[in-house]
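Structure first, commentary second.
Just so it is clear, A, B, C and D label the chains in written order, and each chain counts residues from 1 on its own.
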Amino acid sequence: MRDASPAKTYALHVGVIALLFVLNFVLPDYHQGLFARIMALAVFAMGYNLLFGYVGLLSLGHAMFFSAGLYGAGLTVYHLGWGVPEAFVAGVACGALLALAIGLLALRTSGVAFMIVTMMFAQVFYLLILYFAAWTGGDQGLVIQQASRVISIGGASLDLTNSTVRYMNALALFSVVLLITLAIVRSRFGRVLVAIRENEERTKMLGYDTVANKLAAVVASGAICAASGAAYALLFGYVGSSFASVQYSILPLLWVLLGGAATTLGPLVGTLFMYYVTDIASGFTSAYLLIVGVALILLVLFFPKGILGTIRERWLGWLP
Amino acid sequence: MMPLLTTKGLSRHFGGLRAVDGVDFALMPGEIRAIIGPNGAGKTTFVSLLSGRIRPSSGMIVFDGADITGMPAYQRVRLGVAYTFQITSVFANLTAFDNVALPVQRTLTDGRSKGAVRTGVMEALARTGLADRAGTPAGQLSYGHQRLLEVAMGLALKPRLLILDEPTQGLADSEIDNFIELVHEIAKRATVLLIEHNMPVVMQLADRITVFNSGRILAEGTPEQIRANTDVQDAYLGATHG
Amino acid sequence: MHFGPHLLLAALEGLVTSAVLALTALGLSLVFGVMRVVNVAHGEFFMLGAVLAWAISTAIAGHPAIGFAAALVIAPLLVGLVALVAERLVLRRLNYNPEGTIVATIGMLYIIQQLALTFYGPEARPVEPPFSYRILLPWFGYSGYKLSVVAASAILLVITWLVLTRTKIGLIMRATQYDRETAQAFGIPVDRVYAGVFAVGTMLAAIAAVLIVPISQAHYLMGQDPLLLSFIVVIIGGLGSLRGTVVAAILIGLSDGIISMFFSPTLAKIVATLVVAMVLVFRPQGLFGTTPR
Amino acid sequence: MADKNGFFDLSKKELSRRTALKGIAAGTGLALAPGFVRYSQAQSSAPIKIGFQLHRTGIGAAYGRWYEKTSAAAVKAINDAGGIGGRKVELVIEDDGTDPARGAEVVAKFAKQHKTDIVFGTLFSHVVIGSAPAAGENKIPYFVVSEGHHVASTKLNRYVFQPGITDVKSQIQSMAPWIAANAGKKVTQIFPDFAFGYDHRDYLPPALKAQGADVIAQIAIPPTESSFTKYFPQIPAETEVIYHVMVGPAVLTFVKELGEFYGSQRPQLFGFIDSLEAVDINSPGLEFLDGSHFWEGSPRYAQPDDSAAQKAYRAAVGIDDNGAAVGDPKDVSTAAHMFGCWETLYVVKKAMEDAGYKGPEDRAKLVEATEALKEFAEGPEHPQGPKSFNGKIHQCFGIQNISKVEGGKLKVVHKTKIEDGLYEPEGDYTTQAL
């Protein structure tokens, strides 16, 4: 039940953030870097989860929101020489605006048609990046020089290429988005979103404008995914069209399903799991895709609700 | 007194089938109205038109003096037209509490404190006798309780017109008695329009009865008038035995 | 080149694309229509068909036509067999849950792709066409084999249509598609229907792949494009509508060819994709689907 | 990102981080996982570790397989001759999946986990560009064998080098005189609609213009295309030469369809062998190419005038006179590019020995030593031919081959001079801080 254990819920989330904070000092160098990447991408997964997990809208086009953030931030730095904070805001704004436009169109459909429509809009976005290669660098992409990736506030400056600064920035973004997600999920808005997922017709008959609520969710989801993309560009210094390809629309779906759809921490768990399975498997064999494939099938057979979803179902019913 | 709801020439065709065919209908505030009629008479289609789930082919619906014919369903709900489904459609995976919280939070205009939602929800659950089931997922409630939850959700909308589509279907006799009491209770604050097959329930509850047949209104009157109406008897006998 | 011949050429090319697309999409449509399973690995079964066609046709000496004919029979059967195993081991255990099967078929996609890379290799390999007759038109030459692909695809589509509409098997499939529970109640072995549909669906993709492989080589990453295009065709055509699938395939194949006459190719793809997306937005049930009510 | 206050300014805390590391890492269960093995400081006798970023999967896998074979052969040859500065060389391989994001992760993994001395390898431009920031941030020299113009454009950073293969801008420029003089003056270009194609789109027209020839049409084809016939009507009728550079698995289709379209009455054809790397030139459908010309970095087929060094190189890598794997004539190599791996590893050897390289602390010295290189003489270490190296733009320039398809083989008919491919530097990496 919703209000049974707010203290426990908040303690868990703050605990996870604290653990990630401590990990910065504990993890070996390589894993520190990998975790920064994973946290940045887990934000992408969280944005996806908001729409897929809570509203039940399966999009196959979220790469466009991620790359809207990626290019929104990357190109303003590259071509206009903007600073990091402005560029980040520009990235998020691009994602939110794109999501608003796509939402208005795509929400006229539902189910499989929604999947395909979002996939096709994402494909258009991808092709546009290639078409405007003169500005975007096309498939080769662009490098954001280290000198451009410094935040200066007053006298202090933060060099995003420094591994600890990068980690902490990724963690800050991750924490903010995690807490926002948690707040949304526990809010009245979150309850309506879940109701739409469970039975949209019924929700309408309770007096809710479900289309407006879904649109709000699409925009929130798009903005969060764009935040992830913007952070990725600024933290790791590369923008390229491969991030807009259909593969990057499938990845967040995969991470969310693995971690557990409609769980706040599932996206992190799923991203972490997938990254480490790939990383470890590739250390043993060049055929690591095989291991990833088998792992996916075993997971879905034995943990159909994802890792956290299954844990919630079997043991910890209070997990948000 | 001005009617709460009127329809003029309301029609809905599905292909060649005239499910609702030129219905003129009026409902006075505070009354309990039952709609009866043989299967396929167009009762559910008619109330679906009223609630906005289906768009009319032609005709007009006026609620409280305003034309709501083209208004989307959710806005009608906000005006006070609540609809409970014939087939139970509570949110099975949500708790009874959350099911009721959805309508409660929407009608709350005062403050944003959680306490207000909680109070409203528990009140609605208490009125339907489900207070002790608040934490149970709706899908795990017994069928009768799910029907009651459905009513609780309708109540929580604080409707001015509550449309109940076969509310007693599948209820045990003891539950039906409670239900009749509940509807009387509701009627103190709202107008009730119910589709019902169970004639004893209709006779006990309804102030007036409207009889549908083949998409049209066949007769309308008090329970006594309807009981005495030969057309109604023919229609029922013809439809059920023919 | 003048407009007329250019248009003719674009149309011919479009027809070949359509022919292969129609078969592949039909397979996807059957699986989705009857089983409600989104088979993300559909493109990989297509690829498997092409790779097997290469293996079979190179293993058989003699005139290329013999090897090709063998491939046309054996490759789809092997693919169907693989699909049957996958259906039994994975999809059935998931009880065809829509989300679960998406993840599972993504897993299959990785597995099939990796196995192809390991055992077949990263190279693109050609299969010799059964015959190489070049049709000489006044303005340009055209591959006779390509036209035969269109014919073969048309014949296969007609056969599928006959099976679906005129036979008991078709009736059973349609009944299962319409309502799984009721079909079960009427004694239809739904399990076996599902297994059969999944196998046949992938076999259609495999046949399409064998037909195309003498034109465009077998490669372990060749499955992605047909997958995306098939999805689009299935949705545009309207779910479960054979006629819609074929018409949509022709529409998409032809438009792909003809739009490229007027725009730069990448822009053409952008325009074509947007148009199709807009059709879906404003007619979500597809061109031939009906609104469920 | 949202929180920009001093709280997260931990850049100065590196020291405490390391202390914490030593204290905690050993004690945690994490230390058991394979990735978490602690490496001790390299001793002088320990092998030099070269992180090999490889296209094992993804679209570049056909190239990757031969890059691996060539590099293994070069490392064996180097080790047999005593290694680098007396230390053995060891390749540590990670797959980049031909994906820029994974590429960057792999570079970080080499730098931080495998603790390799340098990173080496990879072909596809987007992977190189995507990985370059990681190399710069980790201050680890990154030697690529990509042939892209990205390194020489000076848009990457000081840690990225391409000393083993000529960049594409130079290649194109040095083809122009021969095309104008021998093939024809009216050229139609067909190229993929992405970066690799844009190099050809942008650099060929001025180069031809300088030779009195013209590009009369440019046809860009989307990378996802698998059928090409519909584009051929755009080729102007007066075309004398079709200049084609297609890459990816669809190239065979491209050539076959061009053949079906034109039959025997075709314009001259000039192509970059990139189209047909790892593909047997005698594959069904390619008969059409007979008599046409190709650019080759290093010739696929053994030539009558091959140097002893070239012969030794071919034997070491294990390719026969037809450029296929010894013992498997169907397994055709990527000969025109993979020599770059061999030569790059020898450049690394030379630079490390010049720098007196001891370990990762000498990486900056290695960068400077590499930048100081000027010329590579033809020989066992540079079997493809002599090269000059521009330390300011980190790019080498070598001779190019133009080969004619004759009787199912590629016969070299022209070798360019190094000077043909030189151009004005677009920048200077040496001004960047190390």
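Simple rule for what comes next: contacts are C-beta pairs under 8 Å (C-beta built on N, C-alpha and C of every residue); 3 or more make two chains touch, one makes a residue touch a chain.
Keep in mind that what you see is a predicted model, and the values were worked out from it rather than measured.
Undergrad: Tell me the fewest steps from chain B to chain C, where a step is a jump to a chain it touches.
TA: 2
Undergrad: Quick check for you: compute each chain's CA centroid and the global CA centroid, then name the chain with the smallest gap between them.
TA: The most central chain here turns out to be A.
Undergrad: Based on the averaged CA atom positions, which chain is farthest from chain B?
TA: D
Undergrad: Could you tell me the distance, in whole angstrom, between the mean C-alpha positions of chain C and chain D?
TA: Centre-to-centre distance between chain C and chain D: 36 Å.
Undergrad: Approximately how many whole Å separate the CA-defined centres of chain A and chain D?
TA: 34
Undergrad: What's the distance between the Cα centroids of chain B and chain D, rounded to whole Å?
TA: Each chain reduced to its C-alpha mean, chain B and chain D end up 74 Å apart.
Undergrad: Provide the list of chain B residues touching at least two other chains, using ranges where the numbers run on.
TA: Where chain B is concerned, no single residue meets two or more other chains.
Undergrad: Could you pull out the residues of chain D that touch at least 2 other chains?
TA: Correct list: 57, 193, 222.
Undergrad: Could you check chain A for residues that touch two or more other chains and list them?
TA: Within chain A, residues 127, 130, 288-289 contact more than one other chain.
Undergrad: Edges wherever two chains touch, nodes for the chains themselves; is that graph a line, a ring, a star, complete, or other here?
TA: other
Undergrad: Can you give me every chain pair that touches, using the contact definition above?
TA: A-B, A-C, A-D, C-D
Undergrad: Across the complex, what residues on chain C touch chain D?
TA: Listed in rising order, the residues of chain C that touch chain D are 1, 5-6, 9-10, 12-14, 16-17, 64, 114, 117, 121-124, 126, 128-129, 134, 136, 140-143, 215-217, 219-222, 225, 257, 260-261, 264-266, 269.
Undergrad: Quick check: in the complex, which residue numbers of chain C touch chain A?
TA: Going through chain C, the ones touching chain A are 32, 38, 40, 90, 93-94, 97, 99-100, 102-104, 106-111, 113-115, 117-118, 224, 228, 231-232, 235, 239, 266-267, 269-270, 273-274, 276-278, 280-282, 284-286.
Undergrad: Which residues of chain A touch chain B once you look at their complex with the stated criterion?
TA: 1-4, 188, 191-192, 194-195, 198-199, 201-210
Undergrad: Could you please specify the touching residues of chain D with respect to chain C in the complex?
TA: That would be residues 57-59, 61-62, 64-65, 193, 220-222, 224-227, 229-234, 237, 249-253, 256-257, 260-263, 278-279, 283-285, 332 of chain D.
Undergrad: State the interface residues of chain B toward chain A in the complex, per the touch definition above.
TA: 51, 53, 72-75, 77-78, 82-83, 85, 89-95, 97-98, 101-103, 105-107, 114, 117-118, 134-135, 153, 157
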